[in-house]
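Two complexes follow with subunit A in common, the first pairing it with subunit B and the second with subunit C.
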Partner chain A sequence: MSAGLTRLWERLPLKKHAAQSRIRVFSNQDQPEIEDDEEFRVLSLRTVKQQFQRRQQVRRDPITPPRTTRMAVDQDWTAVWPGPRSFHPASVPLPLRQGFTERGAAAPSKFANAELMKIPNFLHLTPPAIRQQCEAIKRFCTPWPKGLETEAKWQRHFPIEVTTTDYCQSLPTIRNPEARKVTVSLKLSDLRFDSHSRDKFLRLVGDRYNKETDILTIVTDRCPQKKQNYDYALYLLTACYHESFVTEPWEETKSEADMEEYLFERNQSKISAEGILNWNAKEGAPKESPSKSYANSVEQLINEGENEYNLGKYKEEVKKMLNIV
Partner chain B sequence: MKMIRNRFGNLSRVSAQLQRHVQQMSTNAAAAPEEGAVINEFRTAVTNPGEHSALQVAKFYTIPAEQKKQIFAGGGLPKQYEQQIKTFTEACLMVRNPALELLQYIKATDLTKPVVRYVLYGENGTGKTLSMAHVLHYGALNDFLLVHVPWAPNWMKRPKEASNAAGQEGMIDLPFDAAAWLVHFKAQNSQLLQRLQLKTSKEYVWSKRESTPAGSSLIELVEHGIARIKYASETTAALIAELKQLSTAGQCKVMVAIDGFNAFFHPVTRIFSDNKQLVTPDRITLTQPFLDITNYDWTNGVCILSVDKIAMTEGHMDSHMPRYLLGQEGFEHLDPFVPVLVENYTDKEFHSYINYYLDRHWINKTPQGFEEQLKFMSNKNPYSLMQLVRAL
Partner chain C sequence: MNFLKKLVPQAAAEVQQLSRSSIHTSVVCCRVQSGRYRITTKRNRALTYEMANPPHFIGHRKSWNSWNTSTLKDALRPSQTAIEDVFIRKFVTGTWHALVCSEIIIKRQHNTIRIAALIRQAITPRKMYFLIGYTEELLSYWMQCPVTLELQTVGDKKDVVFKYI
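After this line comes the complex of A and B, so read on.
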């Protein structure tokens, strides 16, 4: 179809010219035809986009010089840098340099220096700033209570330590779910126990007790409110403490094999040692009992396990008790 | 000279052909001390263990053949050491600290007090048995009746025969082992028993027709046990009960020496009952008498016990410490006891032992630094050293 049309077009050269010239008349009315004669016109069947379009220039504001150049020497620095913020070169009037370059060259300057922005700075915590803030909050402070001057004193009066956290955040809600957590800690030596209740209490609290530091820590977060969690923590502490003094009937069935540690007092060793010491003793004569140090050495041997030191100590104590030289 | 005479005495019991051969050797070996008329620096002429002191540490003393035969004929020296004694034609023991310590304790013991239990412990092959042998020699020379079990685990691990005990339900008898022990007891103590004239305190009825009347001598009791193997276990129990009574009454002194004592408390044995159930040591009739005599409820005696890793079975040999080896039950039975550690050789002892081997021509080649090499290879462990220099 198109081939037939082209052929027809070629056969009619005159008509084609007339049509073109007519178009030009309508479209380029006010432009003088300069190139008409010089350049061979190209037949363009499709409208081709203009090939060389000039890229649009982005308009930029001229760079203002850094603010540091306009800073007065006696300016109020706390106003320039009021809070924690990552480093900004134009605000800090210091010729800082940071970073690594090739050997011999100076370290990169502070402008566009990621190294300086990465590290935390304390430009908001200058001594005048701290002084200023302390002055500001001074009017909210009350005098330090008398009689609580030293740490030992206030720890005696306030053995329980309660730790909570408040969160400040820029969210539609001011609530933070973490804020409900309450941590209550105290030294176990502040509570009074007998041996049974202490043992039972430690079993009840489980791994909340740190043996090395003697500190019991209760963390509660199961209630929605901080106040509720605090009450619950104190309830737990109270309940465990009082429960530990209760002796259940089944606790009587605890046998020697169930004991967590060896005690000389309730073992065969004591009977043997007494038997030897009171050998051929008269009826009614005061009973001689084995020495404390011997009992300790046996307990140490069994509880800590055998080693040359414990066994040597045991040997010395036995020799002392049996009068062997 | 005495030493040489003893050696000849010993040899007279060997077959004639061997005698001629070895005699030649021993006369050659004996030539050296005769010439110098001085004893080697690693030997001591003090053959009475009662006179040994720190002066004799790391020196060898010779047990006279007569006494060796009397004390150790039924065991008591390790087998390989026995072989070495035979090869060297003299029973030499090194005076070492653990034995000296024990001797010192025993000499200072107040015999009116309940018996003191001494427990020898140490790594494998450090010389627990030989320390015990040294003390046994002392006991034999100082009128102690020896109640000596050469190696208790033998009863639990390789008994000759196990049969149901007649009297007690569910108990197992080891008649041959009990009889062998009675023979051993008789060999060790027959002279002393004849001298002391100890009598039984009550009548023992073995069966309808057999009985040992009260007032018969202990030798008769022992001999009955040996002759009537069926009743050997019961005889052993009776004998030990009698010994406890007699010594508490002050008629004799008793030295109890049990090697591998922890076997009595180790629940794994190789004895099986009729219904193929494993028999624990407390169900063996021999166990109870020896536990009784290691209890503290009698006087006029000493107990020397040794605990040994080898007395245990696989999987229970992690430590050589007495509490581990005895277990809770055993510890409670013995507590309070005096643990005595037997360690590897000191440098002095090691040097002395090498000298002894050189003297016996047991080490022939002495290249530069061979002693250092042996020291490092054996870690100064007596048994390792013996293994390193042994014959092929």
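After this line comes the complex of A and C, so read on.
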């Protein structure tokens, strides 16, 4: 454009001055365009983004406020928290706090508090909930049998006590091998024995009998099932009881040295005492036998050992028997 | 040492000799580091309540992350339960990628497994519901027992920060 203007200026020499001033004005205005034309164009293979695009704002759904703000005061809590569940701050309208902090600082609040989620809560076992559940299962209950009100009463009807254990565990299986154990216990005074069978029964059961409490305890765990062990325990009890009444032929050969206890009836002292009492008695007259209290004192003296009391009692009995005053 | 001197003079002399030559050159082996965090110079390491209390405070200031009966005396399957818990933790942190803000709490009751955690509100509720169902379904298939997810969401990561060290 400036070249064209120059040519115009050469053709019109008369108006040179005015044109000059005009050119200056023009040239001043058009200078950037002139420079643009003269510069090399840049070959841009990649399109360079002139402006950085602004990052799109992530649209978020509005978060609803915690449910506790909309809870009625007289709501049914059992409907809010029907079963065991981890703590959730938006459902529990209590200002709970948990956690250890420096002295003076408040404990962490219930929101975003993992400690409150860890501990087991009993929000599903509030007294109204328990009452409701008891009401619901009431129709499956039967009344307590009459005549079994006290322990003394039901122990007379049910002398045998069976103890088994069930295990509640947090495992995928409900089986526990320890649950097979069955303990059967009863008082030995509930069984009827004579002296021989009692002795034999105690020998058969061994250390399952507790002398102090008079309780026989049978523990069975050799079968895999609880039912089998229970049956086995009752079988053992029955078998031992009936076996104790059987007298084997070899039991007759029990000599005085095998006796575990001194018995007046079987011993020489009875024969001697009878001999003294029946001194010079006529033929055919009824035999006098030593008194029961004398027999007891002799048995006591030998079984329990010699002590002051036993010796004194024996002395008294001998005096009485021989009429020595 | 004084009582030894009184008892046996010879033993006391030996003890003295021992104390002169007993210099340990081996490394101290009693260093305990796990579960403890180092203080940074700028005091800008964020700790949750769980991280702020070292392991010896378990049962005092913080409680266990796994609740089950396998750890009781003579209980069944202790090792299997521990391995399963590790697997559940890895699976949940991976499935809820960069969303879990707390430790994963695993509670077992009978045959149910209840998993609790704090989740960031960074994805839409729709995706969250999908992930809950996905996690429950797959875990219950693998563990062969019902699995329940009991999540709590937090708006921001900084909500769970207990202190900066």
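The definition used in the following text is that the second predicted complex is superposed on the first by the 185 of 325 C-alpha atoms of A that agree within 3 Å, B and C clash if a C-alpha of one lies under 4 Å from a C-alpha of the other, contacts with A are read in each partner's own complex, and residues count from 1 in each chain.
As a working rule, a residue touches a chain if its C-beta (ideal position, glycine included) is under 8 Å from a C-beta of that chain, and two chains touch if they have at least 3 such contacts.
Quantities reported herein were computed from a predicted structural model and do not represent experimental measurements.
> Just subunit B (first), just subunit C (second), both, or neither: which does A:63 touch?
Touch partner of A:63: subunit C, not subunit B.
> Looking at the overlay, what does A:120 touch: subunit B (first), subunit C (second), both, or neither?
So A:120 only meets subunit C here.
> Could you say whether A:170 touches subunit B, subunit C, both of them, or neither, answering first, second, both or neither?
second
> Quick one: is A:99 in contact with subunit B, with subunit C, with both, or with neither? Answer first, second, both or neither.
second
> With the two complexes superposed on chain A, say which partner A:272 touches: subunit B (first), subunit C (second), both, or neither.
first
> Applying the touch criterion given at the start, work out whether A:89 contacts subunit B, subunit C, both or neither, answering first, second, both or neither.
Second partner only.
> Under the definition above, what is the set of subunit C residues touching subunit A in their complex?
Touching subunit A: residues 48-50, 53, 57, 60-65, 67-70, 74-77, 81, 101-103, 105, 107-111, 114, 116, 118, 121, 124-125, 143-145, 150, 152, 154-155, 159-160, 162 of subunit C.
> Across the complex, what residues on subunit A touch subunit B?
Going by the criterion above, the answer is residues 267-269, 272-273, 275-276, 279-280, 294, 298, 301-302, 306-308, 311, 314-315, 318-319, 321-325.
> Mind listing the subunit B positions that touch subunit A in their complex?
104-105, 108-110, 112-114, 116, 296-297, 299, 319, 321-324, 332, 335-339, 341
> Can you list the residues on subunit A that touch subunit C in the complex?
Against subunit C, the touching part of subunit A is residues 60-61, 63, 84-86, 88-90, 99-100, 108, 111-115, 117-120, 168-174, 176, 178.
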